[in-house]
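Notes follow the structure.
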Amino acid sequence: MIEIKNAKKSFGKNEILHDVSIQVNKGDVIVILGPSGSGKTTLLRCINFLEKADAGTLTIGEQTVDLKKASSKEILEIRRKTAFVFQNYSLFHNKTALENVMEGLITARHVPYADAKKKAEDTLAWVGLLAKKDAYPCQLSGGQQQRVGIARAVVLDPEVILFDEPTSALDPELVGETLAVIKSVAERGITMIVVTHEMSFAQDVASKVVFMDGGFIVEEGTPAEIFRHPKEERTKQFLARIISAENMYYI
Amino acid sequence: MVDLFDWDRFFTNIPQIVAYLPVTFKIVFYATLFGVILALLVAVIRIKKIPILHQVAGIYVSFMRGTPMLVQLLVVFYGIPIVMQQLFNINVNRWDKIIFVYITYILNQGAFLSEIFRCSILAIPTGQLEAAYSVGLTQFQAFRRIILPQAVRVAVPSFGSDFIGLFQNTSLAFLIGVVDIMGRAKTIGTATKHVLEAYVFIAIFFIIISLLVKGAFYLLDKKLAYGR
Amino acid sequence: MKNLKISKILTILMLSLVSIVLLTACGTNNETKTSDTNVKTIIVGTGNNYEPYCFLDKNGNLSGYEYEVLKAVNELLPQYKFEFQTYDFANVLISLDAGKIDIGAHQYESNEERQKKYLFGQESYTTYTTYVTVAAKNETIHSLSDLQGKKVKTSTGSNSTYLLEKFNETHKDNPIILAYADNSTDEETVVGINNGVWDAVIVTKRDADKFNKAYGNGKAVLKQVGEPVATSKTYFVFAKGNTELQTAIDGALKKLKESGKLAEISTKVIGGNYTESE
Amino acid sequence: MGFNFIYFYDSVRSGIEYLPNTFELTFIPILVGLCLGILIAVIRVYRIPFFAPLLAVLITLYQGIPLVVALMIYHLLFMAAFNNFAAVLHLSISMADINTIWIGIFALSLHATCYMEESIKGAFFSVDQGQYEAGYSVGLTRLQTLRRIIIPQVIPVALPMLTNNIVGTIKGSSIVMVIGITEVLAGSVIPASKTYAFFEGYIAAALIYWIFTILVEKFAMRIEKRGDKYRRNLV
């Protein structure tokens, strides 16, 4: 069970997160929607301390940590329980695909090299990139790099995987292939928090949808509740704008 | 009127000059080995902006870049014995001069290389560091396994020209009597009244060194390309 | 999150400092040689780039007039054992001041200003009479005053610079132009003066003869004109207050002069007896 | 180890007297180096046949020669050959009326060109290929693209290395003392001819150089901040 309570964050004068709280149960797939600048990415980055929140607490399993005053040891423990998939892949440029996937295992979790190699190869095969295991990131397409990024996160089998707009840097025809992989990760029961604009993905896969705007959680609920009859005015406007743009049918 | 250049003088000089090669190589070796360690340290301190150390490192780098190496040699050669005498009451005044030459070149290289490393570390996109943290690496592991290997590749070209520069200005030690190949060329000039031959040989020697270094660093750059 | 473990940084710091100290420690053992009880090691600082006084011979050993004279002095003073180290003109003096060496020998000339900082010997070991030296074919310059408005090659720190500056103080209207060329080669001096880069240089007769012999191949390239610019003498230099060593060296020098050995060394090494008078 | 402040003050004053020489010996070579550097860098970036490889070899070879050796060789050749060189071109001037500082500037300029070219070439490669194509796509000629799009982006990237080169040249210019040109370092040692106070002289020179360098660094820092607005990388 993962919970954030009263997270606050501001860059200089403007407040990005206003006292945000969120609860994630084991196996949940939380999708966070919202216009850009709503603070959804910042919230995600505060969870694994890529950003330092100004206030609030984070609980993963039994461990509770203060988001502001967390010691570097606590931060390390949290990072070893979470995994992150970046918008622009951020694969290690100096390592091959296989080495990228193994890095977390051999260095952070001190898994023996042989087991780590075996696990990494299986995960790469699972995302369909075993053939490319010795290729360097610059030799892979965007979609392939993102799938290696996902493999790198999944192989650690963390408590939760955080996806920061995993498909927005991809060209259209690669988006479907990457979403399929994320979907299969969800089907394996791994807890996930996904920040994205892919409405169809949210509808099919999400167990809970959270709509954020201006640093607040405006509304949260099951995909059906949010998409069929949103309560908050701002949610309706957002969905109306997005749905007319993608001429989606109402389920 | 004055026969400036004479081939047989050119060839008689060579063994005399080459005999002093070890001095040059030793200075370059120590300066680079400890210079790199010191440079990495200073670069990390300046990037991490660690409270007091950061300011001290800033002044150190600014002094080393801002003053002629000649003066740095004097400050080390005459300054360190005074400081050692006052603080630890050890008399190092009469130590072998080459030690002070090593220390000067180590400190100087340390400053210049730290600038090169700092710029190359900053050139690595922050996404790499964040990715390393996200898979649970500690800051030190992230630096050693992900950032440094990529920073080295960025630093290679300027490291190469700095290394050639180091080779060329080891001659400064001549001022306190430590004779290297350039110093020997000068003394041959005064002893035999003809300096051009010795200097031409030095020029040829250093061109070869520069070609070797450039070649070696070119190959190193290829090796560190990571598929690019 | 940002603060790297300070302890890790400090361990690296200690590591590199320890290695530097280790490196310097290995330097000490060859320094403190076990000298037997009563003989005191005296370190002499001289140059290695000033022929024929202190230079490196073909196989790199120190030789020259300074070396020969002090070796002779050492034979007369068994209680000392001289050890030679080389520096450039300026650093011999600075090292003397810093206590790295005990005697400075680089054809130093004395004046009251310099005596404030250093202790000069009383016994001179060479005369240093300098003349205005011009190109052999130069007809216009015959004395120091003819040099007004002309370019004279000299080096920072040499006594002739001091004398020319004193001359300029009394001739503010049309001073001598001083061109400072530190540690430049004799070749440049000769070629420069004969091609008008400089008009004159202030050197001793023996140095002028040296130039003519090396570059004139037969005929003279430079000639000396007019009265001596300065008839001063050169002395060994000691750290302020080291009178005990200074009087010992002066005593030995006096003996060398009386026995004629000093003149003999001068003729052998410099090519003429320049110990007493020109 | 006495340190006499009166001598130190004399040396500082005498050193500052020769500051104009150091300015000349720094900024002319830097300007020449910058222009030649950009020219050669452009030739090598555009891989113009014959010239690019030729210049590449020349630069690598010249970088091998130490500055002090180059200075000595130029000075000797100048003195030995200039007069008959001038005679051949029946120029009226003889060697005497050329101030040796120009030999120093010549040697320092060549030296600066090599280092400038390298930093500028590096900076050119950091500007991605899209910028060139963007320029051509709106119909700019190669030269216009260079002048209006590429070089403005190259300068801030090359600036840190340029500052390095400028600072290096300020310090390096003291090497010309070997062929008889007096600037800050030689100048501040002049008083020592009377008093043998060489240590104070060298420390005085160090002070002057350091202040000069700090001013240059501060100035460059300001330009770097301004130039950084379209290039952001987090620490």
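The chains carry the letters A, B, C and D, assigned in the order they are written, with residues numbered from 1 in each.
The rule we apply is simple: contacts are C-beta pairs under 8 Å (C-beta built on N, C-alpha and C of every residue); 3 or more make two chains touch, one makes a residue touch a chain.
Keep in mind that what you see is a predicted model, and the values were worked out from it rather than measured.
**Q** Which pair, A-B or B-D, has more C-beta contacts?
**A** B-D
**Q** By C-alpha centroid distance to the whole-protein centroid, which chain wins?
**A** Central chain is B.
**Q** Select the chain at the greatest separation from chain A, using centres from the mean of Cα atoms.
**A** Ranked by distance of C-alpha centres from chain A, the top chain is C.
**Q** I'd like to verify one number: the distance from the centre of chain A to the centre of chain B, where each centre is the average of its C-alpha atoms, in whole angstrom.
**A** Chain centroid spacing, chain A to chain B, equals 46 Å.
**Q** Could you tell me the distance, in whole angstrom, between the mean C-alpha positions of chain B and chain D?
**A** 20
**Q** So the centre of each chain is just the mean of its C-alpha atoms; given that, what is the distance between chain A and chain D in Å?
**A** Roughly 51 Å separates the two chain centres.
**Q** Calculate how many whole Å lie between the centre of chain B and the centre of chain C, each centre taken as the average of the chain's C-alpha atoms.
**A** About 31 Å, centre to centre.
**Q** Out of chain B, which residues touch more than one other chain, so two or more?
**A** 1-2, 4, 74, 78, 82, 125, 139, 195-196, in rising order.
**Q** Touching at least two other chains at once: which residues of chain C meet that condition?
**A** 3, 5, 90-91, 94, 98-99, 183, 185, 187, 191
**Q** At which residue positions does chain D touch at least two other chains?
**A** 1, 72, 76, 80, 199 - these are the residues of chain D that touch more than one other chain.
**Q** In the complex of these two chains, what residues of chain B are touching chain D?
**A** Chain B residues touching chain D: 1-2, 4, 47, 62-63, 65-71, 74-75, 78, 82, 115, 119, 122-123, 125-126, 157-158, 161, 164, 168-169, 171, 182, 195-196, 199-200, 202-203, 206-211, 214.
**Q** Which residues of chain C touch chain B once you look at their complex with the stated criterion?
**A** The contact residues of chain C facing chain B are 2-6, 8-9, 12-13, 15-16, 19-20, 23-24, 27-28, 30-31, 43, 48-51, 55-60, 85-88, 90-91, 94-95, 98-100, 183, 185-187, 190-191, 194, 214-215, 221.
**Q** Enumerate the contact residues on chain B facing chain A in the complex.
**A** It is residues 125, 127-128, 130-139, 141, 145-146, 149-150, 153, 224, 226-228 of chain B that touch chain A.
**Q** Okay, in this complex, where on chain D does chain C touch?
**A** The touching residues are 1-2, 4, 72, 75-76, 79-80, 82-83, 94-96, 100, 177-180, 182, 186, 189-190, 192-199.
**Q** Quick check on the complex: what are the chain C residues that touch chain D?
**A** By the definition above, chain C touches chain D via 90-91, 93-94, 97-99, 108, 111, 113-114, 116-118, 151, 153, 156-159, 161-162, 165, 179-185, 187-188, 191-192, 195-197.
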